[in-house]
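Following this line, the structures themselves.
Presented sequentially are two complexes of subunit A, the first with subunit B as partner and the second with subunit C.
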Partner chain A sequence: MSELYDVIIVGGGPAGLTAALSAQQNGAKKILVLERDREPGGILQQCVHNGFGLHHFKEELTGPGYAQRCYDLVKDLPEVEILVDTMVLEVRKDKTVRAVSPTRGVMELHGKSVVLTMGCRERTRGAIRIPGTRPAGVYTAGAAQRMVNMEGYIPGRKIVILGSGDIGLIMARRMSLEGCKVQAVLEICPFSNGLTRNIVQCLNDYDIPLHLSHTIVAIHGKDRVTGVTVAKVDEKSRPIPGTEFEIDCDTVLLSVGLIPENELSRGLGLQMHPLTSGPIVDQRRETSEPGIFAAGNVVHVHDLVDFVSDEAEIAGKFAAKAALGAGGGAARDLAVTTGENIRTCVPQHLRLGAETESVRLFMRVTQPLRGKLKLKVESGGEEVFSKPLMIAKPSEMIAVDLPEAKVGALTSDLTVSLTEGN
Partner chain B sequence: MATETKVLNCINCPLSCELTATVEDGVVTNVTGNFCPRGAQYAKEELTAPTRMLTSTVRVKGGRLPLIPVVSAKKLPKGRVVECAEALRSVSVAAPVHVGDVVAANILGLGVDIVASRDMEAV
Partner chain C sequence: MGRQADVVVIGGGITGTATLAALARLDLSCVLTEKEPDIAAGTTKANSAVLHAGFDAPTGSMKAKMNVEGNRLYHELQDELGLDIQWTGSLVCATTEEEKAQIEELKARGEANGVPGMEIWDGDKARAKEPNLSAAVCSALWAPTAGICWPFGMAEAFAENALENGAEILRDCEVTGIRAEDGQGFTIETTQGTIRARFVVNAAGVFADKVAAMAGDTSFSIHPRKGEYILFDKTAQDKMVRGIVFPAPTQTTKGILVCATTHGNTFVGPNAQEQDSRDDTAVTTAGMDEIIAGAKKLVPELPMGASITEFAGIRAVSDTNDFIVGESKTVKGLYHAAGIQSPGLTSAPAIARLLAEEIAKAAGAKAKAKVVKGRPAQPIFRELSAEEQAALIKKDARYGRIICRCETITEGEIVDAIKRPCGARTVDGVKRRIRAGMGRCQGGFCGPRVIEILSRELGIPVPKVRKDGADSYMYEEKLGGGRK
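What follows is the complex of A and B.
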């Protein structure tokens, strides 16, 4: 295991597997994917619901179905090696990767380039500081999803879900289908953070009430959860005294946000973005460290795996090019900054050389907007691109493609904004 | 003639288009707000005979994992989805299983097969 790899990929979920395929298609000869779970596929293996793949594979797949597609595309490629049960401990700037597995012990691997595709993890009770006792029966929605869909256990029978992100909504339906009673879904924001389709098919279909602008102010129970106290919150998300009510339950599921899993990135000293919590990347998904690329939920939390795959294709391609010595040559480094109503935009900058390609920008808005909206990209005070939109929600990432000709002509920093009216 | 307007969200894809349907005497005569033809089709079905896909898991014997995820090969009548999920709780299959293998044929006589949504090797 002391050979030199062209590309080492940290994480074997949809991003890692797609990056491996893309690296192979772009000429890399030795590609290694390191996955810490018992099999490749990442979190998709427990997302048994459908709705994946409409963009990327042009057909509707379940999560495991999407993972299977990604895996099937690389499993027989002689250039791609996948190690499971392998935990990466450290990535160094010289592209040495230290990893450990029960069968191989500690390994020191060397790559010409590295792609970081570690994904994200869930925020927990500690992250949102819910007061009350510490009984059994409080789970993150994803932990419960793994229990129900992969291990064969039901975490409880009478359930309250905090947070209306997609995982929370999907779990509301999943628990209902397994014969559990979902008492309510609570959301601290005045709007849901999940896709509207999931409100319809996961809550409305099962008559599960959604309480917007509400949160849990106490969890009760000594050994096991017996109930929660819920209160309405004001516009600053502070509980309003006098609005409390009790809900009886034996289980609380938390769907309160995801955090890109960037311990390795921070260990590497990569420049991080405070709002995405991921590494700052250019349009090739190269981080602040040359030859180290990143893609998928580790860069910014996506709502569609299809976009994760798109991003991983880019990272895999340029990681292969860098490994083969064909990258670089960036003459202009232009920042992409966020203007009105835009919270985040990835990539955060463009490094442009003689060769340019169209660039896809992924954005999230700060608040829900509807009506006549205009997404605008400005460079040096001039509008270079715009797109009309009817609806924008923080939960739904906006993707726009800057055409190659426009990208080639850019000479100064960009600002993206979403304005109402014309 | 009774004409009413119904507002609903399409569930076919993550865009979740907001649809406005005109219903005349129980027949959907016009749909607006859809970005693609599937939205119009959805509104017509949803307001007359709603359907849903079902995804769940069934037990697998001799497999690498205790459960295998499954999906209905086609949409099921919305009102029968929970019953189908209940029926799947007593189903178990033997590994190996391949993606697309039928794990419950013609569930509840509805003319829809439930199929595996991934491979499961035997151990």
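What follows is the complex of A and C.
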């Protein structure tokens, strides 16, 4: 099997499926989506709760519902081929993709352009060094979610959740609904790392205590978890001696962050961003390697799948254009750097040519802020765009659109910042 | 009536499995009992994985003899058994004049012990070998015969070879009593019934004194000593080391080292904490701080962000502080391999050979007419050429389905790991055999799939699948479905 595709998409989750649709709508004739799991849809398949799709599809869907919608939009398109149970082993700079599947064996595929949509993975116990024993009963929230929602088993009956990321919050509710007792959710930061709506709907509605500025200092149990020791932490996240207390539990679920899944990107030698842990991209989601695009959680971890889809539309469109030879030269390459209170901003640079379109910037702040806030985009020392905000949280992405006219007029590097007061 | 055997080996660590493999080559029937669901579940699974050159132990001690001989035997056995060993050599680093004198002393001791090829290097030569070494390192002892290995894999290799030669391994089989029948052999009570045997080998690790006492020998005691470690991702290797780097040793330990693994990871550790518990492998914040501080003396810029897991192991220290190897002074037919702390891993084949020779003499046993060398082949997908991969998938499509994406492990390899002679029965058993779940995501993605495959291949329901230890059940039926 050695065919030439217009666009090869690595990963068949919401980003990959949406990129495929967008590539088709923008003229690509041969599009291939490679998915490692048994069905397309990615992690959404195990997210059986609702709350997806309000922005992108303008209606509220469950995770599987959202995935199905993405799939339904491409499944009958003659231009789009989807291979499941297929793992990509390597992507090369010449856009050769090496993949393997039980039915087709080892394949060498060739694309005119490639879109990377591998998603992200969960941080694990090892990455955060929790002292104690290593018994059964410690799972990442996402692994437990798959077992509960797709395989039909529960991880235990008395649960402590470490980390208030969204998957942890969702799992607190899910375990309660399964009849388990969620003893507490612990968060090392002085603020929650999940969406506000999830704090309300998943913890408050089920009387589950959230302990901010607390962490697990020891896990107990030889073969199976029997409890945890918890302590309050100081402003440098160090446990404060004397504040320890015990919580009885048989299960610890970890929701301590997500990491973009970029082994293929590193193999390709793409330039990576140290804070997003994803490839550096321009506004078209083209990486440092011409013709190789990236979108979704592989670029930066999103809060909402709707934004993943929005980003994948951009990547799919420009991947199709590049494949059809209509990429267009870029006369100006402007960096987008982060100023006060902004931790990350994607895209990290703009490559502007004769044709310009409006550009959406996705940002995350460094700390929770409240009050009169001003999001400011400056170029060459001058403010080119601003937007008032009332509240900003690290857990929620901020998206702003720079209008086409403004983008067209840009000639120097940009800085985005969020300032308090006027 | 229960089982009958010529020899029962108690304990399935590296010492027990190596001894079983040596005994199985004789015309004796041999059974090994292991109380945990898998072999190599104690000290063997959590240690520095270093094959020492042999300059540490006092000249003339059992440790020194077994170490140097064991190291030599591993060089011989590596190809036959397909052992995962890299002969990287080791460096012991001095940062002061006092330590410099100490490593000179080590060299002299090593020479007396029969260690070949040692050299004293200056700091620059040591840094040429390991560029991330501290500028404070002024001198180092180079020992080319040291190596790194995968201890579980070596125990597995010994076990598989023993099974090929007709031995039997009983896992989940705890010895609860031993009756010495007055020179007429032993009656061994286990959780899987009674076994009658002529000879008993006590390779019970941290429980060796308890096992000896069951048979009536109370001549020694074992003191557990815990060592903690931090493991780093493969991506950190450029900032770490390619081989084995020790500090100058103290009275009790070889110190906190910075070391590569055969899988391309690196680790720092261990510390050494005396404790009463024989199975408390909890890692502690104080221990982590201690090993990080210790390791920074050797490699100042530790890439802490790339740490992927931490673990602790228990070493079995005897009250003689030396290995106790050979027939019991008080109970005839009982052979000890006790107090096997470091360099026990290195010494295992030498201890095995010594015990097998003694038992052969006592039993009047000879070598089997037909001894099987080696063990069944194990396809490793990621190490094959594209043509070989294609051929393998054509033969068995399960080799085309990647289950563990971090380590590129296929369903075919997982099934093979379960179906092998001494196959995996637990999630961690799969991980130790073929690394599924050992990578960056630590089983986050493949864990549920591995559980599903274990359930299917072992013919047990998912709630009966265990992580590692005897009662380490992972998932249960939903509460509506009742507890099974």
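Note that the second predicted complex is superposed on the first by the 422 of 422 C-alpha atoms of A that agree within 3 Å, B and C clash if a C-alpha of one lies under 4 Å from a C-alpha of the other, contacts with A are read in each partner's own complex, and residues count from 1 in each chain.
Everything below uses one rule, namely that a contact is a pair of C-beta atoms (placed from the backbone, for glycine too) under 8 Å apart; a residue touches a chain by one contact, two chains touch by 3 or more.
As the structure is a computational prediction, the values presented were derived from the model and not from experiment.
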Worksheet item: Just subunit B (first), just subunit C (second), both, or neither: which does A:152 touch?
Response: both
Item to complete: Pick one for A:4: touches subunit B only (first), subunit C only (second), both, or neither.
Response: neither
Item to complete: Scan A:85 for contacts with subunit B and subunit C and give back first, second, both or neither.
Response: second
Practice prompt. Give the label of whichever partner, subunit B or subunit C, reaches more residues of subunit A.
Written response: C
Worksheet item: Regarding the shared-chain residue A:54, is it in contact with subunit B (first), subunit C (second), both, or neither?
Response: first
Worksheet item: Which of the two partners, first being subunit B and second being subunit C, lies in contact with A:103: first, second, both, or neither?
Response: second
Item to complete: Determine, under the contact definition given at the top, whether A:195 touches first (subunit B), second (subunit C), both, or neither.
Response: first
Discussion item. By the touch definition at the top of the document, which applies to A:178: first (subunit B), second (subunit C), both, or neither?
Written reply: both
Practice prompt. Could you tell me which stretches of subunit A are touched by subunit B in one complex and by subunit C in the other?
Written response: 148, 150-152, 178-179
Discussion item. Applying the document's contact rule, which stretches of subunit B touch subunit A when the two form their complex?
Written reply: 8-14, 16, 18, 52-57, 59, 64-67, 69-71, 78, 81-82, 85-86, 89, 99, 117-119
Item to complete: Would you tell me which residues of subunit A are touching subunit C in their complex?
Response: 36, 85, 87, 89, 100-106, 121-122, 124-127, 129, 131-137, 139-140, 142-143, 146-148, 150-157, 178-180, 217-220, 222-224, 239, 263
Item to complete: Sort out for me which residues of subunit C touch subunit A in the complex.
Response: 230-231, 279-285, 287-288, 307-311, 386, 389-390, 393-394, 397-402, 405-406, 408, 411, 440-445, 447-448, 451-452, 462-463, 466-480
Discussion item. Which stretch or stretches of subunit A touch subunit B in the complex?
Written reply: 38-39, 45, 48-51, 54, 61-65, 67-68, 148-152, 176-179, 195-197, 199-201, 205, 303-304, 391, 396
